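Labels A, B, C, D and E are assigned to the chains in the order they are written; within every chain, residues are numbered from 1.
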Amino acid sequence: MSHRETRGVQLFDLLTLGRGPSHPGPRKEATAGRPIEALPPPAEVVLPLVQHLGDPAVPVVKKGELVRRGQKIAEAAGSGVPLHATINGKVKSIDKQAHPTLVQAQAIVLTSVAEAEATELEFPEDPAWRALGSEEMLARIREAGIVGLGGAAFPTFRKLRLPPGVTVDTLIINGAECEPYLTSDYRLMLAEPRAIVEGARLLARIVGVQRILIGVESDKRDAASALEVAAGEIAADGLDLQVRVVPARYPQGAEKQLVTALTGRVIPPRALPYAVHVVVQNVATAAAVHDAVRFRRPLLDRVVTVTGPGVVQPRNVRAPIGTLLADLVRFCGGLTDQATRVISGGPMMGRALPRLDVPLVKGMNGLVLLTGRGPFEEGYGPCIQCGRCLDACPLGLEPNQVSVRVEAGRATESAEFGALECYECGACAYVCPSQRPLVQFLQVAKSALRKQRENLAAVTR
Amino acid sequence: MSGTPAPRPPFVVTPGPHLRTSESTAGIMWWVNAALLPTTAWGVWVFGPPALEVILGAVAGAVGAEALANRLMKQRLTVKNGSAVCTGLLLALTLPPLVPWWAALIGGVFAILFGKMIFGGLGYNLFNPAMIGRAFMMASFPVAMTIGWSIPRAWYSRLEAITTATPLGVMREHDLQAALHLIGGPEGWFRLLIGLRPGSIGEVSVVLILLGALVLLARGIIRLYAPLGVFFGLALMTSFSGAAWLHMLSGGVWLAAFFMATDYVTAPVTRPGQLVFGVLIGLLTGLIRMWGGYPEGICFAILIANAMVPALDLWFRPGRVQTAGAPS
Amino acid sequence: MSLNVIQPKPRLSGRELVRIVLSMSVACLAGAAVLGLVYLGTDRYRRASAEAAERGAIHDMLGLEADARLLEVRQYLVPGARRVVYRAAPLGATSGTAHEVTFTLDGALAGERDVPVAVPVGKELTPLGRMFVAARAGQPAGFVVQGETRGYKATIRLFVAMKPDFEIVDMRVIELQDDPGLGAEVAQPWFREQYVGRTAEEIARLDVTRDPMPEDWKQALVALARRAPDGPARHRDLLQRERTRPIYAVTGATISSRAVTEGVRKTVDHFRRRWWLLAPHLEGSL
Amino acid sequence: MSRARAWLTAALAALSLAAGTARAAEVRVLSARVVAPSELRLRFSAPLPRADAENFRLTHAQAPDIPIPVSRVRLADGNRVVLTFEQRLMPAEHYRLELADPPLAHDVRPAAWALLLSVMIAAAFINNFVFTRYLGLCIFFGVSKKRDTAIGMGIVFTLVMIFTAMVSWSLDTFVLRPLQLGFFQILVFIGVVASVVQFLDTMLRKTHPVLHRKWGIYLMLITTNCIILAVPLLNAQASNGPLDSLALAIGSGAGFALALFLMSCARERLEYARVPQPFQGLPIAFALAGLFALAFMGFSGLDFFR
Amino acid sequence: MSTVIHPGPAPGARQLILNGIFAENPVFRLALSLCPAVAVTTTVLNGLLLGVAVLFVQVLSSVTVTLAKRLIHPRVRIPVYTVIIAVWVSAIDMSLAAFAPALYAQVGLYVKLIVAFAIIISRLEVFASRQPLVPTFFDGLGMGLGFLLALLMIGAFRELLGSGSFAGIPLVPGKPLLFFALPAGGFFSIALLMALFNWIERRNQGGRAGPAKSAGGHGV
């Protein structure tokens, strides 16, 4: 149970005959049944030097240079990760390019070349891959350029390197893909359960835990059983690995919800999973870790769901990093006439993009093409205190109270209603009958409170 | 490869989340109005054209006042969202059928102007506007509000005098026996249930109110916490009187429990808050009916409980995710 | 401004302290002097106007001429002794004699004496009530009695004025907390005028009806309440028609109307029984 | 040994029998309760020798010379008697019951605590100082903006009110009235208020400086407030006894504190409302108080002795 | 305390009186001491009686203070002011009881409570204790008249709406909106009149943004 309500309350909700707080449905029908299809190598890829949280990578190739798929083209700097060529090609330019989240950023542009000119690098299996020390594994993970593939894009090696004083007893593999429309993790679990399970075991060894919990939402039971089968096929090595089914309910896949659902532990407000002795990794990340440790294969492509009423043929696509979104859409039959909105990521927490000529980056797990002018097109009404947002909020915050305070220009009075703890899952804004942009209200409140806190700190200092 | 060739910029950029429920405030309000229709229709059928006049008067007053206030406050016209209609309708349904239509109109105007718009409109009012309107009418037109009861179906048979008293009024003035006599003996519970008794226009038919309430429950618009609280509180308070069932089935308990105690704006937001709010209404209703100065107390009970709502909202907060459960 | 009082104070010098004390004392003394003077100047008027108001009301209710004698009879209980004392003296008198008559609770005469008005009644006596007797040529010309009853919301106090044969000549509600526009209407002239002209026997059997009051009768009652000399004559037909009918309740306030009727009935009844005992002993005082 | 015990037992039995008969001879009224509309329910310590209507004489305390006719006597069981009268009886009022045989008298009236409670409830709800008497409005509107302030004020207020009411009552009863100095009433009462406030202020400052810092400001606001003065004045006007005065003070204080608390919660919410400009500030607070007053109308006529 | 302290020489009598009636009307603008005053204003006559009582107390206290200001030690001036006000209130109270008993019976308690009206003592503090006799007299008169007028307005409004009469003379049959004669209606009457004052002021300021001064001008 990830949600706050006790059993008693749920029983009572049954009495009300009501549907309870409405949640965005899964809406995954369009792509759930479609296996992952590989995108043919595109004519051009744009590889931004920043696709992760951290310092930008430093290019090690020059314009006009010929590169092979898998070859490192930029070296990691500071806390960052390196970047690799994802197609065989020629460096067309190293300059500012459109970026899905940063608007514009330095990027290496490759144009593809014929098979004859360059061939893909080979990544043979390391026979000793099961016996590596954790430092070696961490180095390989970093070298492979792996970041969190669930959307956060936090460099994985950093997340695995525990801060001093932190002890961890459980590794959680997040297979709860709760965002509506998205099926990339789901299809990956079906297609490569072994890689995920092996990756999970490697991760467990790196952080030194015995217990691995893989959380899968209840609407993906087949994925859960695939993982279970895979786990059974792998020889036991003393690790306790369990696949657990959690209720399908947005936002089950959020770290805090999943940790609570699987372990019963509650991550304190504004804290990381470390606080409850847990490390969380996405299923796709686990698979990538497996590839990196076993084959020293860098992160070259990822599975992305291209879907929504705005695309003709929704698909799950394995595409090289750096592929232009336009190419992805074209692969999926192009846009329908009604398509008006492009969402990078899921429709709840993803962001709207103004254009399609931006590259697929490592953290992008979905591309949702929507119709209409967006939920807040008609303007919003006053808060009618219906309390739906309170029911929807997974953290028990009070978006209604925050929003009226922000509206009245008193954003700083909203701390006690949890503005600072919100991670913007959007569940409240989804249910609000007055169409209030609650996430944005919360953002305003958050920044006002932070500013106030800084000012206070400055004064006391 | 078909369809429009991509790319096709620029696309619409809106803040997230990019999906939204199809529910809207106006939709909810109109559903509530729709759910009130059965009992409204019954009221008109039982009490005849005077009841219709009262309903039209109250609704016209409420809607007119809202439009006027929109104008004065230079707001967008908010009449279409159905909340003014809802206030007017609820007010009318709690009025005696023989109240003059102009009194209902004034009540509707007061309810909207001073119960709602003076605070800035929908969402900001503290008291249930319909109940403010009714209390205002009780203060302003005491006689009409005390004697305006009509014998059910009498309008059609053109009896000489069609005014009468409500069961609760009779119980207050005489005793339980007289009240039982009025509703036709101990078997009268059936009449109370279907709504063949003197009373406010929309309060008489328990069955039809329940029908409307079921619609709202099924659509997830209301929850049962507050209504159950009301029934529990009233039952608790009247259980000593020996006429708890009469108290439960007469007066405006059902209408109030399902349509007023569940009003979003003027009820607490959390479930425990709603439950306590409902119990409070029930207790106060029983208190006023048995020891207070009015035969029917639900209107004032709701208003007094409304006054407690800001405090209840502070006391009953949603269960915040705390550090509890985390091993230290 | 009151905040000034709590500001921390520096230590006072002896001289200053004397000045402060002096300042306060002068203020208090001067204030006391002014108040004393005002009290002496106004108290006489206050008493006089209170008495005049009472006398005026009684005169008005009984329709007396200005020179009519008014006897005030106060009733006391002697606690523990099962006795009641009636003390009769001219209204507002400060000198002269008062006549005291004592009865047992069962109505037997227990004593009778004259005492100077200036002598106050014993502190142990519990006051029970007051009644006023108007006298003309040594004969009672009318009574005004205070009564009370339980209204819809709180106690209603009323004055009932009667002829010597206990026929009601006027009724006034002097204290009432019922709902304005509803129960409070019992104080209106048209309602109270309904009691006027009914005999004690009729009052004893008086009932209240919820029938609507005929409009002509209501208008007549309002007119009659003004006490125009030719009123009864002008409305003779209506009076004849309505006197035998019950009291028309105030619309929507049947309980208050019944309460007032009950109060009038009780007041008349109690007074009759007391007067029956008392009258022979008060002949000298009238 | 056993014989001795037998004697003892017999003696004890005889003794208790004697005591029992003696007690039986002396019948007492254990309880007497008026039940609306016209019943008097009596419970005696022993069965009554006579249960005919003539044996009972009930009078209203204000008319001890006029017995209320008994219409029916019902023996519920041995010690219980229910009298029905021809007139309505009021549970809240004071009657006197006399019996011819055995000769005894009993005062029938509600318990003192019930009357005091009803005084308190009346002062707090029915005649709430703020909502029906308009007293203390300055402070009411002044300190009801913030909930914490309102709570602090409510508590301090109630305490001071009880204190001043009792001191004023003593002065009024033992000094002003006997000396016929009624015209000093206002001066004395406001002096009492000022002294009590000053006294509490000094006490608090000396004993609980922290509390003083928190509540001192409220204390000072109280001096110029009418509500605190109104309680002694009302007590003097109604010639209340010490308990009635205390009950009135507690009830008024609690009613004021409640009003303050509810109003402050409501006003905190109103801070974020879009009140039309001309109504911003005090006008909306007055309108809100008006709506509260409208709601409190529901308490009017509340009477637990009904 | 929002009351403006007048610097320099005192303004003329006319201005002082008008100041009390409009610019610093004790009820509508300063929002002070309106406490119980509004309670009894269900009719014009009640308003008149209470208003006159306040007028007298204000003028007499102001004059007393300004005459006796040399005698009053500054350290105890507040208690002395209180005594002065209490004396005059008692005097007025007794006079009304003696000479207008019928009206006094309805407003008696509230006449006594004038002693706690903040406005009176504040005028003593900010004006009477610093200014000579004549301006003090007119300031007191202005304040008292302002209060009187406010009470008359509220009384008239409530009597007209609540009882359909003016000064006891029935204008319409029946009672139009009895609500306004009740306590709740009293609050609403004041709210409406205050809002009206605010609205007029905003119009006169020509849209200059000034949120109702009375809102901020509260004495606490």
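The criterion applied here is as follows: contacts are C-beta pairs under 8 Å (C-beta built on N, C-alpha and C of every residue); 3 or more make two chains touch, one makes a residue touch a chain.
Source: prediction; values computed, not measured.
Identification of common neighbours of chain A and chain D yields B.
With every chain reduced to the mean of its CA atoms, the largest distance from chain E is reached by A. Put simply, the chain farthest from chain D by mean CA position is A.
Remark: the per-chain Cα centre closest to the mean position of all protein Cα atoms belongs to B.
Annotation: D-E is the more contact-rich of the chain pairs B-E and D-E, by number of C-beta pairs in contact. The mean-CA centres of chain A and chain B are about 47 angstrom from one another, to the nearest whole unit. A straight line joining the Cα centres of chain B and chain D is 35 Å long. With centres set at the average Cα position, the gap from chain C to chain D is 27 Å. Centre-to-centre separation of chain A and chain C, using mean CA positions: 88 Å. Along chain B, residues 114, 120-121, 124, 136, 139, 141-142, 293 each make contact with two or more other chains.
Shown for chain D are the residues in touch with two or more other chains, namely 183-184, 187, 221, 224, 272, 274, 279, 284, 287, 290-291, 294, 297, 300-301, 303. In chain C, the residues that touch at least two other chains are 2, 5, 31, 35, 38-39, 43, 152-153, 179-181. Under the touch rule stated earlier, the contacting chain pairs are A-B, A-D, B-C, B-D, B-E, C-D, C-E, D-E.
On chain B, the positions that touch chain A within their shared complex are 1-21, 23-25, 27-28, 81, 120-124, 214, 217-225, 264-265, 267, 269-271, 317-327.
Interface residues of chain A, counted against chain D in their complex, comprise 382, 404-405, 407-408, 410.
Of all residues in chain D, those touching chain C in their complex are 59, 62-66, 87-88, 90, 183-184, 187, 198, 201, 216-217, 220-221, 223-224, 300-301, 303. Every residue of chain E that touches chain C in the complex is listed here, in rising order: 1, 71-73, 75-76, 78-80, 83-84, 86-87, 90-91, 94-95, 97-99, 101-102, 121-122, 125, 175, 178, 181-182. For chain D in complex with chain E, the touching residues are 131-139, 141-143, 183-187, 190, 194, 221, 224-230, 233-234, 237, 277-287, 289-291, 293-294, 297.
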